[in-house]
Amino acid sequence: MVTTATQALTGPDVAYLVPEIILVGAAILLTILDLLLPNTVRRGFLSWLTLAAMAGSAAVVVGQLLSFDPFGENAEVISLLRDSYRIDGFALTMKLIILAASMLILLMGIRTIERDDAIPDKGETFTMMLPAVAGALILCSTADLITMFVGLELLGISTYVLIGFRKKSKLAAEAAFKYVVIGAVSSAFILFGMSYLYGVTGLTNLGWIARMLEQAVTDFKALVYVGLFFLVAGFAVKIAVAPFHAWAPDVYQGAATPVTAFLAVVSKAAAFIALVRVIFNTAIIQTPFILGPAVSPVGEDVLLALKVLAAAAMIVGTTAALRQKNVKRLLALSGVANAGYLLVPLAIGLGTTSTNNLGDFSFYLVAYLFMTIGAFAVMAVVSQTAGHDELKGYAGLYYRAPWTAAGMIVLLISLAGLPVTGGFFGKLFILLSAAQMKDYWLAAIMIVTSVISYYFYFSIIRQMFMRTAETEAKLSVPVPTGIALWICVAATLALGFMPNAFMEMLEQAVTLSRDVWVAMPR
Amino acid sequence: MLSSYLTMAAILFCIGLYGALSKRNAVIVLMSVELMLNAVNLNLVAFSKYGVLPSLTGQIFSLFTISVAAAEVAVGVAILIALFRARGVVNVDEFNEMRR
Amino acid sequence: MESSFPWLTLLTFSPIIGLLVLLFIPGTNSRALRTAAIVTTLVPLGLSLWLFASYDAANPNAFREQVDWITIALNHEAVNIGSSAYVFQYHLAVDGLSLPLVALAALVAVMAALASVHIKKRWKAFYVWFLLLETGMLGVFLARDLILFFLFFELTLIALFFLIGIWGSLNREKAANTFLIYNGLGSALMLIAFVLLISTAGASLNATEQGGDLVYSGDYATIAANLTSGESLTNLPGGYDNPFALSDGMRWTIFILLLAAFGIKLPVLPLHTWMLRVHAEAPPSVVMIHSGVLLKMGGYGLIRFGIGLFPELAEDASFVLALLGAVSVLYGAVLAFVQREFRLVLAYSSVSHMGIVLLGIASLNEIGLQGAVFQLVSHGLISALLFLIVGSLYERTGTTELEELGGLARPMPFMSGVLLAAGMASLGLPGLSGFIGEFLAFLGLFETMKWVTAIAAIGVILAAVYILRSVLKITFGPQQERYAVLKDARLIEAVPMIALFAFIVLLGVYPSVLTDTMQGSFDNIIAHLNTRMGG
Amino acid sequence: MATVYSQYAWLVPVFPLAAFLILTAFGRGLKQTGAIVAVLGSFGALALSALVLIEHLGGADEYNDSFHWIKIGGYALTAGFDVTNLTALMLVVVSLVAFLVNIYSMGYMKDDERMTVFFGYVALFTFSMLGLVLADNLLTLYIFWELVGVCSFLLIGFWYQKPEAKAAAKKAFIVTRIGDVGLLIALLLLFWYMPDHDLSFAAIENVFGQTGLITEGITTLIAILIFVGAVGKSGQFPLHVWLPDAMEGPTPISALIHAATMVAAGVFLVARTFPIFEASQAALDTVAWVGAFTAIFAASIAIAQNDIKRILAYSTVSQLGYMMMAIGLGSVTAGMFHLFTHAFFKALLFLGAGSVIHAVHTQDIHEMGGLGKTMKTTAWTFAIGALALAGIPPLSGFWSKDAILAEALHANPALFVVGIAAAFLTALYMSRLFFLVFAGNPKAGGEAHESPATMTVPLIVLAVLAVIAGFVEMPFSGTGWFGEWLTGHAAEHEGAALVMLVSTAIGLLGIYLGWLIYVKGAISRDVVTSRAPWLTRMLERKYYIDEIYHAVFTVSLRAIGRACDAFDRHVVGGAVRLAGGAAFWTGRAATRMQSGQPQSYGLYVVIGLVILVAAIAGRRFW
């Protein structure tokens, strides 16, 4: 039974926050270290320390996951400050995903950032990722609007800075500014929505909101709608679904490639994770015996809005990418389409025949993570060598770096949703869920846009394999980038050939009623 | 009582939104964003007093908002300065080197 | 008799084994690469012929490999029925429908590998994609799980994209792109249909062995059984409507999706335009496979999934199908008649011949269906032969424009003779395989739709018109100076030509080789239709 | 009586098939020996057929053997052979003519570098034709039917470098294919209407022999469709156009395929499936009238032609028309009888013409003349053939034509008149041909020599046959066993004397007229041309049939093709491009959003939100 009584944060409770504390602490320490060190010392080692901090954080998360034992019968959700902070299966799984992605991005970006002349202060760039990741982790664990807002802003402000660190690039400053403006506006939207939700239910706790929503709808119907739709719109900006995505290509283009990858994967994933919490406590509600859609009074409309957004994102992202010659922008638009795909499992809700347990969402998120980071890894190398982000930089890549080109094929095929890759099964599971919920039009749009996307994903392949390069020089791939790339390729293939192992793990790790629906008593 | 506060906040939000979306001067844009956030604060405080379940939560929330907004604007201005150094202008509509 | 050794897996993946060997051969050693590739393709050919010989129509289940591949136990709490699971199997099997096509695929692959002597660059990559393609097409014909089928289907798509795009002629990239998007669309429609099938008819309740009460399965047999029996889920708690029952509208939707998906592949009018470009741009050895085998996947899919799963809808739609087939036959023939480029003549001729497949399918009786499959195999052999010759011709003359060619019978009597013979096979001369397929399809359809058959039979005349026009233009007529020095076929070209033609003659003279194998393969469909008619 | 040889009759076609295979496989190394192989092959066939015929003349029973060729479910398509008196006779005719033509060709084709190919084709043709004759059911027959067609095509186009040969070969194949489709559909009809789906001729006889098993409409339809096939193959109007053009092939081929055997296959087919026709009077009438019309129509064209082979070709068309008419009148006996005699004398005429062409290297009869002096054997044998064709007693042609005319007089006097008219024209054009070529003064400079023995011996053999072949069935009592033996019906003998008188008189009249014009010059050669130039021109242009066909079929087919091509490019292709374009246009619109202005991005957010709220949430309030 949820009590409204205040919970105090006790000493032992702080132990649960260790992953975030490690990141924040490391951020502070490394920043101080960076300041103290003379300019002559190269900052490269800071990146490895950052990586170590993330690894440490990840290790703690793994430990928490093991002790939480999400697969066991009596896993106990740890709730701090009345669900301001939750340690549950969902949070831990997502944290692991976020940390894995961050580490891969860092690994892939170490040499890229070191070689980037537009970034004068390399050290800061690495350390600044830590608070951003910490913000993302907070978003995974929170079930309270205030904490959620703080997490969002921590992530957001850190990424503004990350983009801006590329000081010598005019584009980067412009990108950072655009991101600030749009980010701030979206934050304002989210906040505005949150304020109404708080107002009509009386608390910022999501569980409480879920419980009070029915009453609130009868009393303040308009306010609930406005609140929820503002919230959704704000999040739509963060996850970049059409028509709230327009900032993404510009911002992605201006940022350093690793930062772009961070935006495309970590920021997007974190926003999605928070959105999951919100949607599953406002729109999709737990009923004791689900027959028919398990939605709240406003849920149907919110879910419809999400469906429309998903469809729009898929269509706009895919078609806009058709004409795109800049690979970074192209990947940004691909990210828009993928956000649409990711939104589908949320938007379709739950029903009698559905197997949707966020497994399809998580699976595709993981697949998206690997294939996108891998693609950005290749892009980082190619762009840096070519000096631009244009498609023609890939011409003849097969001759210059055959193995990298081969790896890129796997990633692009996965992005296009072709077998046998993680991207294919990710989409397949989502499709099956959509079909089970009889949302056929959404499934159709999903598949058709996938087909259209072949055009631009394969245009990269065409450049790599069917065009001749301007230079015959071999392309050297830095070792850390190479490692990140091949981890991504291997993971993409592994997800394709053995989707069952991972899918089952995700399915079992997350239990809706235990982890995501925060309000209901167990 | 509540509704007047809410109306006031909504108007404030809209003014802020309008400013953020239409002013050419980047500094004014950032200030308009502040206005939007303050509208939210007004909402929160009003709900905290006159909401369905009056509690301190709203006021605490507004404290968070205020501090975060400050941080956000600080970063925004810092970035704007970098941008101004690079371009020499603060007109938002000239920050369109990247498009299409 | 369950065969314990995984012959079918070996058959399907033997090209991959060869591919691994190939990777260790230096990329500059074209001769070794080619030899390795040819030897590799011989393995599936040998295996498939052995399978063909040892297959017994009375015991169609002798070769079957069924392993759970992707079993995903899903968290149970979202569903109140109990626990649930996805079960996608690694399930390979042969029957009278797939076996002829498997053998065809293996045979054409060998011939195409031989014909790949004309490939001039990047041999290693070529054979890598080539062997992947072979695995893909063998897998398509053997797979009995929807998802597995789809995987193999897409594998052929990707492999062919590369084969066209890298080794094709002038407009190769555009051709590759058109191919990719069009066929991608086709497989997308197929995927939608499959997803719908899996999430409705694929669902079965109380399959407790998988650890779940509600199982979503991609197994063909399960889906077929559920579809025909009508109800997959009868004892839902609380007396709710069966959420897995397919409404008539949904059945039609799925059926039409399948028709469109495989219709693109076949290709059926008006979904054929992509094929023209592929025929004209892809390297001839690849077109051999494309026209010889890949188009057949469309026909196979139509029969296996379209007709096999929805016989009663197929019956309702049979008139439309037959009409479509007849129009394809005539339209393709008329267009073939006015083309100026020999490869386009052949492309439209394929449209026309695949129309006959459609006619056979539309008949929905055993003769017609066997005729359709026979026509698939026969056209596979014939078009492979024709494109084999086209490859050799193009190698020598540098053109396939009809206006440019002429009088080639003098410098190259052998190749011209084979071309003429292949043309004769293509226009359905008795004694060659083309006639049997055509005749059986007509014969089958005639039982139900006499007028459509009669109209389509005009295509027989038109086939003679366009085949003779183009073939005679190339071979007959006064010799042209610039072609006087051309050499006739070399041994490595002549061997596949003779081999293919020998098979064409064999099927034409002794069609029972194929029809006996197919015996009984359509019993389920026919029986279902009969009961429907009776009831 | 026991059938000893008949059960091995299937071996008859195997001999030439073996010859074909040997020639094809090892042809390039064989050269002259190739010809020997072919001759041996055809001789083997001839010997065995002769034995079979003798056996059947001795009264052997029918022999039939078949097996399941294709078995599908409960249906079976069989293949097999059937030795009846009719087939035994045809076997001998075919293999005999083939044998003689093979020998003849050894001389005629001596200098051709592709001689082995030629003999290979001839062997393949012989095989197919014998197979056609032996077939015990319609499907098997159809298969060989097509095969002889393709052999005909190959041999017409044998000199493939000549554009005319190429065109003629193509035309022959396509025009006969039109007829074949008719036969094919008839086959399909029969398959589904016959009890047990049995296509054998025996079953056809059983089923159509009894009334009511198959409705009359269907029967007529089947019969007409079969006849369409026969029309194509036998060059009947309106599908006769290919046969004259087929003369582009080597002359021995014209003798073998386009005079004696293959073109008669149509008649043979109708005779073989006669029970179907018999069951439908409408079908019989159609056959008779088409045949009669063709007979007079082709004969009239023959008068105005100048190419020696074309004249003979039109003559063949005309005579085939006679045979059809006979069968249409209900007398298979008369038709087959004429087929039998015609095979010999027409082959003889063609081979004789070949001998002439071989000597003077032209085919234009106006460039010939006076050859009778230098080419005595050829001239004499040709004369026998011409007289036989003209129906002068006691040569074979007289008896068979007489049987037909007697039948016509008995059954349909109108047709009798047509037949008599055609007979007159036949006599006229043959005398024109003969006199122009062999009489008068040499024009080719006297360099013409008699052909070698390989060519003249077959001429002599055929001439003998052309003389005596008619005696098997004379309308005198006691000698008419041929009809009984062949079909069980004797030819019509009623009014025979009158018919004999009239036809002989008409034949003589024609010849006399020809003599008057072309030898004596009593009547000017351009007597008609000067009075009615349009008539001559029309006959020379063969009633403009080719032109009409070209305009109606070729041009329109090409126009349809062009139209379809445009449709394919613009409509079908356009729809595809439209779909692709739609995606691109959407993309362009989406790209428009990327103005680079962060404030417009913010505006999109607001607009998007407003639309969402208005469209979705708004439904709850309004």
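Residue numbering begins at 1 within each chain, and the chains themselves are lettered A, B, C and D in the order written.
Keep this in mind: contacts are C-beta pairs under 8 Å (C-beta built on N, C-alpha and C of every residue); 3 or more make two chains touch, one makes a residue touch a chain.
These numbers were taken from a predicted model, which means no experiment stands behind them.
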The chain whose mean C-alpha position lies nearest the overall protein Cα centroid is chain C
The chain whose C-alpha centroid lies farthest from that of chain D is chain B
Cα centre of chain A to Cα centre of chain C, whole Å, reads 42
In whole angstrom, the CA-centroid distance of chain A from chain B equals 25
Dist(centroid_CA(chain B), centroid_CA(chain C)) in Å evaluates to 62
So, in whole Å, the Cα centroid of chain B is separated from that of chain D by 95
Contacts with two or more other chains occur in chain D at residues 591, 594, 596, 598-599, 602
Residues of chain B that touch two or more other chains sit at 17, 20-21, 29, 92, 95-99
Residues in chain C with touches to at least two other chains are numbered 181
Chain-chain contacts, ordered by label, are A-B, A-C, A-D, B-D, C-D
Per the touch rule, the chain D residues reaching chain A in their complex are 583-584, 586-588, 590-591, 593-594, 596, 598-602, 604-605, 607-609, 612-613, 615-617, 619-621
In the complex, the residues of chain C that touch chain A are 69-75, 77-81, 84, 86, 147, 150-151, 154-155, 157-158, 161-162, 165-166, 172-173, 176-177, 180-181, 184-185, 188-189, 191-192, 195-196, 198-200, 203, 214, 216, 238, 240, 243-244
Chain B contacts chain A in the complex at 6, 9, 13, 16-17, 20-21, 26, 29-30, 33, 36-37, 39-40, 43-44, 46-47, 51-55, 57-58, 60-61, 64-65, 68, 71-72, 75-76, 78-80, 82-83, 86-87, 92, 95-99
Chain D partner, complex, touching residues on chain C are 181-182, 269-270, 272-274, 331, 334-335, 337-339, 366-367, 370, 407, 409-410, 424, 429-431, 435-436, 439-440, 442-443, 446-447, 450, 453-454, 457-458, 460-462, 464-465, 468-469, 472, 475-479, 511-512, 515-516, 518-520, 526
Within their complex, chain D touches chain C through residues 68-73, 75, 142-144, 146-147, 150, 157, 160-161, 163, 165-166, 169-170, 173-174, 177-178, 180-181, 184-185, 188-189, 191-192, 557-558, 560-562, 564-565, 568, 572-573, 575-576, 580
